[in-house]
Every structure is written in C-alpha cells, then in structure tokens.
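To keep things clear, I will list the structure first and then write my remarks on it.
When the chains are written out, they are named A, B, C, D and E in that same order, and each has its own residue count from 1.
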Amino acid sequence: MENVDRIKSEEMINRIDGRLTKNKIVKGLFFIATLFTLIMLVVLLYRIIAQGAPYLSWDFLQNFASRRPEQAGIKAAVIGTIWMMAVVVPTAAIFGVGSAIYLEEYAKKNTLTRWIQMNISNLAGVPSVVFGLLGLTIFVRLFGFGNSILAAGFTMSLLVLPVIIVASQEAVRAVPNELKEASYGLGATKWQTISRVVIPYAIPGIATGSILAFSRAIGETAPLIVVGIPTFVAFLPSGVFDSFTALPMQIYNWTSRPQEEFHNLAAAGIIVLLVVLIMMNSVAVWIRNRYQSR
Amino acid sequence: ADTGTEEGEKTEQTDAGDAQLQGEISIDGSSTVYPIMEAVAEEFMLEQPDVKVTVGLSGTGGGFEKFIAGETAMSNASRPIKEEEAAALKEAGIEYTEFELAKDGLSVVVNKDNDWVDQLTVDELKKLWLDNGTAKKWSDIREGWPEEEIKFYSPGTDSGTFDYFDEVILDGGQIDKAATLSEDDNVLVQGVTGDKNAIGYFGYAYYIENKDSLKVVPIVNEEGTAVEPNAETIESGEYAPLSRPLFTYVSNAAIKDDAATAAYVQFTLENAAALAEDVGYVSLPQEKYDEQLSTLEGLK
Amino acid sequence: MPFIGVLGLKGAIGLKTKEKELSPVQELLEKKYNGGFLNRREKIIPIILFFMAAVSVLTTLGIVLTLIFETITFFGDVSVVEFFTATEWYPFSETEAVYGIWPLVLGTLKITLIASLFAVPIGLAVALYLSEYAGVRTRKIMKPILEVLAGVPTIVYGFFALTFVTPVLRDLFPSIELFNAISPGIVVGIMIIPTIVSLSEDALSSVPEPVRHGALAIGSTKWETASKVIFPAALSGILASIVLGISRAIGETMIVSIAAGSTPSAALDLTSSLQTMTSYIVQVTTGDAGFGTTIYYSIYAVGFTLFVFTLAMNALAQFISKRFREEY
Amino acid sequence: MVLTAVNSKENNQKVQTENVLVYNTKGLNLWYGDHHALKNINLKINEKEVTAIIGPSGCGKSTYIKTLNRMIDLVPGVKTNGSIEYRERDIFNKDFFVEELRTRVGMVFQKPNPFPKSIYENIAFGLKIHGIKNKQIINETVEKSLRGAALWEEVKDRIHEPAYGLSGGQQQRLCIARCLALEPDVILMDEPTSALDPVSTLKIEELIQELKQQYSIIIVTHNMQQAARISDRTAFFLNGEVVEYDVTDTIFNSPADSRTDDYISGRFG
Amino acid sequence: MVLTAVNSKENNQKVQTENVLVYNTKGLNLWYGDHHALKNINLKINEKEVTAIIGPSGCGKSTYIKTLNRMIDLVPGVKTNGSIEYRERDIFNKDFFVEELRTRVGMVFQKPNPFPKSIYENIAFGLKIHGIKNKQIINETVEKSLRGAALWEEVKDRIHEPAYGLSGGQQQRLCIARCLALEPDVILMDEPTSALDPVSTLKIEELIQELKQQYSIIIVTHNMQQAARISDRTAFFLNGEVVEYDVTDTIFNSPADSRTDDYISGRFG
C-alpha cells in the first residue's frame, strides 16, 4: 500500500474543502443573478398587472379609442396589429426562409456570399428607428403607401428579416446530412430534397426563431412612430392599403395623456400586448419541445 | 354625442347630421391638439360611421410634413404655421385655411410646499428661465426668497409648447441649460411634484389633472394684474401672455372636393367649444367659431 | 441518351432473367429515364432564392441611400467640422443653433456603458448558471422566461425605468435627478440580459461534453471546469453575445426617450438628464420641427452616425469571432 | 462482359460462369482538395454478387462507394479522374443525370437514416419524387418493399406510425426497403450493421444473402468476419489503394499480399 | 487482499503471487431511470495489471467504467446500489469527495478530448487546479508526463501550440499524459483506440504495456484482439452482467461459458 498515498495526498485533501467552498459560493452568486432576473420580470409584470388589470374588460377589448377613459378600448389597435402581422408574417417568413435556403444550400462559398452574410448580420444590429426612417422614405413616400398597413408591415418585415434569416439558416444547417443523403440516394433532385426533406425538418426551428422575431415586431414602437401611423382610428381596416393603428402606438399615446385613467388604460393595453407575446412565445416553446426530441 | 347631434340639426346649411357620407379623412399633427381632434373624430364617426377618420400625433412639424406631402387633409398645430412650411405648401400647390379651435393656457407651476412664490412677472419668468451660464437660486430672482438652487422642468425643445414659451417669454433665447426637458408632460408633473425647489410649465390640461399636487403661479399680465389660469381668464384673454391658440389647417381642395371633409370641418367648428373643454382646454368665444363657420361656407 | 437508358435497363434485368416483366414502378421510372431528368424548376428556383437573399442587401442599400441624401442636404446647412467638433447640440434655438454630435454620442455611450456594466456580469452569471450548474428542467423553464423578458416591448421598460427604478434610485441617492443616465442604463441592461444570456449559454453549451468530462475526470470542481476550460473555449461566442447586446443598447430608443430626458449634454455626469442619438430622432419625428428645416434633416445625419456606430460594432463582432474562434 | 471464376459460398463448388459487370472502375483517382484519397482504383464488380470492401479506417472505403453513385458530388472541393462505367455508361458523363444513376443504384448508410415520417411515407417518398402518384401502385410497392426487406411482418400493423419508433435494426431494414421500392439494380451499403446490435446484424446479413438473388450488392464493412460470411468477392483497401481484390475465400484463406494477411489476422486496424 | 492465480502474458509461466486490490465491486446494480443497466456486478481488480472489459455494444461496459470514478453522477436519473471499494474506501461514501477520487483515478475517453488550449496548458491544468503554482515543478511535470505518454519527442518543439493541431492519436496520448501529470493510481480507458488509425492504435497499446509497470489500468475495448494482446485479465459483459471474469488467456482459449466462446469467435457482436 506504500504507493497508494502519492505525492501531495495530504495537501490535496486539505485543499479540496477550499475548492469546494469556492465552487459553492460561485454557484450561489450565479443563482442569485438568475433569481435577480426573474425577480425583475416579476416586479415588472406585477406593477403592470396591478395597475391595468382593473381596467381590463370585454368592453375594453370591444371599444374603439375614446376621449373618455371609461369608454376607451383597444379594438382598433388589436385588429390593426393583427393586420400588420398578417403582412409581416408571410413576407418575412418567405423572404427569410428563401434567403436562408439560398445561403445554406445553393450559395457557393465565394466573396459575394460572404458579403451577403456579413450584410445580414450587420442589418440585424441596425436600430429600429433607422428602419423607421427607411420605411418612411421608401414605403410611405417613394412607393406612396402612406401610413397604411402595407407600409408599416413592410417596414417591420425588413426589421425582422435578418433575425429570421439567421434563425432559419441555423435550422437548415441543423438538418442531418444523413437525411439529405438518403433523399439524394433515392434519386431526388436538389429542390425535391430541399422542399421535401430539408424544409419539413427545419420548420420547427424556423418557426421557433421566427415567432420570437415576430413577437419583437409586435412590440416595436419606434419604427411606427417614425413611419407616422395614426393613433386615433375608430374603424377596422378592410384592406392592406387602409390606415390603421397598432397596440404599442395606442399604449404610447395613452401614457402621454394628462389623465391618470389613461395611464391605467395604457397598463391594461400592455397586459393585452404581453398576453399576445406570451401566447406567441408559448407556441414557440411548445414547438421546440415537441420537436426537440427527434 | 348629444352636443353633436343638437348642433348638427340646428345649423341649417349642413347635411352632416342627415345624409350618410362616405370617405376617408386623414388628420395628423400636434400632440397638444390631438385630444380635441380625437374627441371630434369620435363624435363625428358616431354620426357618420362610413367616414373613416384617422388622427395621428406626429407633432406640429411632423404633421405639416405630411400635409405638405399631400398625405393628410388636415394638420393640427399648436402654433401658427411657419414661413418655410407655408412656402413648401405653396410650392406643392396646396392651398389651405387656418382654423382656430381652442386655447391652451400654459401653466407655470411650482411644488405644493413652495410657500414663497405667489406670482411672477414676465420679466421674472425670463430671468428664471433664460440661460445665464450659472446655476440660479431663488434668491437671485427676488429678494427674500430662499437661497436654494432652482430646478427647471420644461417640455422638450421640439414641442409646440416649448416653442411658444420660447417665443413669448424668452424671445427666442436659450433656455436654462440645466433645465430637465421631457417630451412627456406627465414626467414634468412628476418632477415638479417631487422637488420643493422645482418650477415647470406645461399645458393647462396637465395642470388641471394634477391640480391637487401642484401649485399654479399667477402671471402678471400687461395690465399689471396677476392672473391665474382658468377657463374664464384664458378664454377672455386676461391670462396673458401665456395663453396660446390651437389650430387646425385644412386643405381647401379637400373641403371643396370632398363632402365628408367639409362636413367634418363644419362639425369640428360646431363642437370644438364643448369638446375642448371636455379634454381640458379652453374654448374660444362663440363669435369666433361662427366667424370661421362662414369662412368655411365660402370654401365649399 | 434515353436510348442508352433502355439498353442499360435491359442489361440490368434482361439477360439473365429473360422472362421477367417490368413492374409498374419500373415502367413508370423507365418513362422518366426516357423523358430525361432535365428540370426547368431546378434552374429557376436558385435564381428566385437568390433574389430573396438580395432583399437584405437592398435593404442595407436603401438605408444607406435614404440616410445619405438627406445627410448631404443637412451638411449644406451645417458644416461637417461643426458636426464633429462642436461640443454642443442645440438645434432648436432660432438664433444660435449648434449642431455638435458629441453630446448625443456621449449620451448614447453613457447609456451603453451603464447597461453593459450591469448586463454583462449578470448575463454571464446567468448563462454560466444555466449551462454549468442548473439541471435540464431549470434550463427548460428559464429559457422561455428569458425570452418573455426579451419580448417585453421597450415602451413597457421605459415606464418601468421612469416609474419604478428612478424613484427607487432617488430614494437611495437623493442627488440623482428625475432624468438620469443610471436608471435607463440599468433598464436597458435588463433588456439586453436575455440576449447575452441566451447567446452565451448557446456558446457555453456548444463546448462539447467530452471536453467538460475531461476536466471533471481529473478532479476539477464545476467552477474550475467552467472558468478555466469551458469559458475560455466559448469565449468567441460569449464576446459576440456581448457585442450584440451592446449594439442593441446603442440602438435602444423608447427606454431612453422616456426615462433619460431630452437634454443633450456634454457633461460626464451620470445623474442628470441626457439625450441619445435614438431619442433625438424620436423627439424630432414626433415633434414640432418644420418640414424642410435644418432640424428635420439633422435626424438623418444623426441616423447616419448611429448606423456607422452599428457598423463598427458589427465589424468588431466579426473581428472577435475570427480572432477568438475555437475549434473543438 | 468478362469471364471470371466465381466462388459462391453457397455452393462450395467452383463454378465457371459468365459474369455480367455492373461497375467497371478504371484508373480512378480522387482528391479531397489536396488529399489524394483514392489512388488509381481498378475494380470490376459483378452482377448479382455481394462484393465486400474492407480495410482500416480512413483507407477510402466510404469515399469509393460514395463515388459509385456520385454522392461524392455533395462534398465540395472533390476532384476525380479516371472513369467508372455503370452498365457500360460513364457515370461522370454529363448526359448521365445523377438522379437517374441514384435511382438505379440504391444506397444504405452506416447509421439508419429514415426520414422523420411514417414508415409508409418513408417508402413512398422515392416513388413520389419520381412522379408516381397512383395510390394502388404505391400501396403495393410499400408492401412488396417491406416484405423484401423482411420487415413486413413486424410492422404491418403500424405502417402509418413514425419510423423513429422502430428499433435501430428495424430502421436499417426500413432504409433497405426504401431502396427496394425503386427496384434498383445495385445496392450500395456503407457499414450497414456497424451501429446495430448482434441480433439485428444477423438479420441484415441474412437479408443481404436473400437480396443477392435479385440485386448486385456492394458492401463496406470493418468487420472481417462479416465480409467472410456474406460476400462473394472482397476488395482490400489500404491508404486509398486496392491492395488485393479476389474471391472472398482466397482473400481470407490465401491472400496474395502480406498486408492483406496482416490485416485479416488482426495485426492492425 | 486476495490470492489469485495470475497469468501475465509477458512471462508465459503461471506464477502464484499475492495481489493487491485497487477496486472491489460488490453486488453493484445500476439503473438509468427504469433501465437496469448493471446487474449485480462483482469484480475484483488488481493493482498494476491491465484489466480488459469486453462485450457487445450496449452491454454496460462504459457504464461500469464510468461508475468507477463516479463520472456516472453526471447522468441525471441514475440510481445505484451495492458498493464499490477503491483501496478499501467506499466510493459512494459521502466523505469521499468525487474530486479526490477522480484525482486518484484518471480517465481516458473514447474520443480524444483535449482542452482547447495549448499542449502545455492541457497538462498543467490538473496541477493548477490543485494549487501547484511553481513554474519549475509544472514544467518538469509537463515534460515527465509527455515522456510518460510517449509524446514528448513528437511535440517538444511546440508544446505551446494548440492541442487541436495534433493528430487523433497524438491527442489521445496527450489525454493520457494529462492523466499522468496527477500521478494517478488507476487509469480508466473507455475504448481509447476505437477512433484511431492502426499506427496510432499500436502506439497506444505499447504505451499501455509500459504504463502497467506503474499504474493499474482498466480498459474497455470492443476489439477482442486488442484485449487479448494487452490485458492480464478480461471481464466479459453481456446485458449488464459479468458473464465471465478470468485471466485473459483462459477467457480467450478456454472460456467457461459458451456465450463467451460465441462472442470471442465472432458469432455475434
């Protein structure tokens, strides 16, 4: 047994205690940091709910904006947001997935491709106000869409496009090579392989990434302000060329009114917005969990 | 809705109350005027549900930008149109008419616990707010006031309210650079409420809404009397020089060509008085509205 | 060519099993071989997809052109020298307007600095906790929660800063003004925490498990493994997440518009009101500035500066990921 | 067409027969970028036989078999010269669409790779991409292919359930069935049993013996016993070269090259 | 301490010696959730010998070896009962910190897993976490360990370059050197050569023979020739059970259990 207790045995055991304590302290600190972010979220939600919940009612969802707080509602804003998203979702999804497939499956690894790729990651970092300026100049003015659903929708589409491209690229890249090989091995053409194997497999990943991007689009205020969409809209749009208003605009407007009741309405509006967001995020999580185990 | 209907029926020349109109009216501009225009639009659409009115709040300048681009039929403003804007409209071939809708009394307020400020003259206001490169104390303004540093709260430099204050009090000079500026008047209310040495100014509506937590300062007018802002003194013009007019600018072509717009403007003028008060502004004397209604008739 | 196809098949099936008939599948496939595999779709689709990918390039081009034209107009009124050297930004004075971008840049930097000082340590701590210490369950629960935090609209954060964080700070340190850099800075930090956590966590957990096992198997504690092996290995991803977080902080608009005030200030002090590049743009677009005035054009010049900033951050990110790329 | 001596293991008699070639590889070289992975390969592969390719890891077995159906095209930066004739047609010829080649030449991979679809859809996939829409033909083919892969009895009650519910060995047989659906001429298999348990391996080996009646099979394996058990001919690869190619019995019992002997007897690899 | 007959392959004489145990596994059971992966394992492992563990895929070889240094703790939902004594101390005892156990018992994995650091740092790492800061001691230990892993000559000129620049076989030897730096008592190896080319494999095998002079080695391998070549004792696992455990020669030449014979002779696996 003489060779069992090797060098530094004593010392090593003495030090283990200290090392384990250090580990515990660090773990505790990290846990506190995690808890802190959770607490922030809870405080944030609590304050909003406490202020806004009493104002939530069926009428609130059913009414148009009004100068009388007790009659004011967010129907136009909710429906407007839905309309806007009806433009954003297909536009951004089609272009996003299309770009991702081009870059991952077709593009040669040359300078042009690298350049496009770099450009996309640049674009992802451009502030949303700047997209607002773009939307104002191109869609509102140059294309003459005015402050319509289409103008705002396209602006938001461009805003989320880079995020969706990147998420889709990751999803496409995650498709196991073996599946593509299986398809090619059966004599499938490239597009057949992409459309029948790659895309279906990547869809959950694409959806998860995109939903998170879309939920960002729903909450974005700055580009809408810059594009200049109106706030008082007491009718529902009947097409994409109609004017509309959106949830964040309505909320922003209410918070800047003198009357306290409007501030509470804003909180109620925020609750509605958050519910929409959490619903979207839940769908994303559900999709992710559902398909993760493949 | 009651006021609207009554007056709509009373005025014979109009068909706003009877015939069902259709169309779209796009309005944008001042956020100060927004609550009035929102109220008008709300009431109007109860009567004419097929006319789609939208009201935005891009600010007076932002509103004119769209008005010049021909994107809106009406543009709200919390100050008279500027020369550059008038010129641009001319160049764009847009003729327009200015309608005054109501008055806003810029209210100068201090903290509830401020027991020394009883009134202020225009000169004192100027002394207070004009930048002189150093921090000011209350004692610098009037003998006997405490030797405490003053904290200033002002609407953002890009608001109509600031513009107006700058023009009538500061003569276009530099506002105290230490002033806290905010685009959101509610924030100013909070600032003044929370600081004993604070002074601020903002629209009358914000004062009324928070009158329990603020102290409004009477302002000495040209006649030499200190006047507190309220509905009467603002309407009568006694509260001077800090009462400012609120406008909407309408495209003549829109009034002429579009029955809906014409009806809407008429409705606005007929109801502005009541609705302005509703949302915390002060109406004009009735003659003023009647006068503008006849101007409108001439444009149809 | 198709002729050879048939021959080939005869070769395949014919010779030895002469009596065998073609199955329906074979028959149909045979037709296809004869028809050839030329497919126009295969040629057109990549072209369509290329144009889709080009949209993002066009977007950048659009942004640059949009900004550049109006910026040029702006520099017709204001000298470039003044823009870059003057230390005052005071466009609204009718008599003595000054356009020196520095106060706005400084405002942006203050917010960004505070946000990063707040978010980077917390974000990394959370990421390390999730990837190295927490169980699968915790991770599965925390990730969506962080996503909610990331999805909360920034106006909501703005009011949170103004009506909660600022008063709390003012209770603690009465010298802090209503508008200051600290409160919105912290809240912008809270807003970017999810970005940092989520990307760093990805980077940490993509360090292969065997590497982790290697460290644990020679008797290191979790902390030793995490700090000395995993963290350095994931450095490039972690730095990229920080850069991305910072670039979101630079671009953040509503929080600062609401809670930081709107006083362009060249002072270094963090307790008083300031204005950032983004909040200036919002101020002007919702404000009173007349169309065609210098102020109106100034937002494009500011927007352009902002754009250059984000480009620089991105270049930094690219550099970092090249410089620190680890291969496992 | 060449005449060769075939030693089929089933009838241990040496029989002189006329053999039809499916593949004729002539002077094939292949580079991954600068790495010369296949060096002057010459191999003639007979119809309706099992040809095994053995050799240590990295010797180019997978590379060669992937070249036979041009799956190697998917790897960027690969260069080849020399020629491979499939049924006397040069597979590198522009007029020979890879899609046709791959339809005629099925492939089974090391790890079972069913699509994340139902069992049925996995097999119908190949038919559908080739434009076969007739429900009845598809149904019949699905059954026939599953039977052909000795899987029908095990899955017939759940062919609409996800393929991922099958065990590894079943999945591999499903992948074989997926090939069979297109009634290929040749089936290439790259270590088809290396990820499977012994029982599944045995089943697949039996299946290969079965399939040999109708198809030509080329199989890569690192398991020498397996090669010895199931193949008619064996090629021994080393460092991208064919060291020896002969009737399996000869390779295993009296190899001509000492390196083959070393490898076979486990002295390396 | 037990007396056992050891058949060391080097001196083909049977020698009666007194053996010291490093590990004594008594009635070990292990479950992954509901899956009973190890069933009543009883194994005594001798000091300064090479003990090989063989068996078909999924039989629990890796599970067992990972239990020996409690790396299995990293898998959530694992339950064990029974005991493992390392040098007469129960490794499941709370007072026995895993950090200590793992310092005394080194491990080499199937795929080389160097840290993404320089060669030098890879080896210094273990010393540093144990608080050894003296540059000279570290330098000496790095050299000694690299020599011990037969790697020094190949890398001495580039020990500050990234470890990922090494070939697979060199990386694996680096991982062995990393263990050696801590002068462990036992070295566990889980298929250490299965990802390596023949030449590298040979080197590692030689190294193992070398290391045996100083260390007790437990090696999992799927390569039976390898087990036969290098080990003193061999345990044959099947379905989570130890079917047979004996001197290697006995296992390979006259196994007591027919299942061992079947496996050895390649009838399955």
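As a working rule, contacts are C-beta pairs under 8 Å (C-beta built on N, C-alpha and C of every residue); 3 or more make two chains touch, one makes a residue touch a chain.
By chain, UniProt protein names: A = Phosphate transport system permease protein PstA; C = Phosphate transport system permease protein; D, E = Phosphate ABC transporter ATP-binding protein.
If you're wondering where the values come from, they're calculated on a predicted model, not measured in any experiment.
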| item | value |
| --- | --- |
| Where chain B and chain C overlap in contact partners, by chain label | A |
| Longest centre-to-centre distance from chain D, chain (CA-based) | B |
| Most distant chain from chain E by Cα centroid | B |
| Euclidean distance of C-alpha centroids - chain A vs chain B, Å | 38 |
| Geometric centre distance via CA averages, chain E-chain A, whole Å | 49 |
| Centroid spacing, where centroids are CA-atom means, of chain A and chain C in whole angstrom | 12 |
| Centroid distance [mean C-alpha coordinates] between chain D and chain B, Å | 84 |
| Chain C, residues touching no fewer than two other chains | 37, 221, 224, 282, 285-286 |
| Residues within chain A bordering two or more other chains | 19-20, 189, 228, 255 |
| Residue numbers of chain E (touch at least two other chains) | 99-100, 103, 129-130 |
| Chains touching one another, given as label pairs in label order | A-B, A-C, A-D, A-E, B-C, C-D, C-E, D-E |
| Of all residues in chain B, those that touch chain C in their complex | 30-31, 57-62, 64-65, 68, 78-79, 82, 84-85, 88, 151, 153, 156-160, 162-163, 166, 172-174, 177-184, 187, 190-191, 194-195 |
| Chain C residues within the chain A interface of the complex | 37, 39, 41-42, 45-46, 48-50, 52-57, 59-60, 62-63, 66-67, 121-122, 125-126, 128-130, 133-134, 140, 142-157, 159-160, 163-164, 190, 193, 197, 221-224, 244, 247-248, 250-254, 278, 281-282, 285-286, 299-300, 303, 306-307, 310-311, 313-314, 317-318 |
| Complex interface listing, chain E residues touching chain D | 56-58, 196-199, 201-202, 225, 266, 268-269 |
| Interface residues, chain C side, partner chain B - complex | 90-96, 162, 170, 177-179, 257-258, 261-263, 272-273, 282-293, 295-296 |
| For the chain E and chain A complex, residues of the former touching the latter | 20, 87, 97, 99-100, 103-104, 129-132, 183-185 |
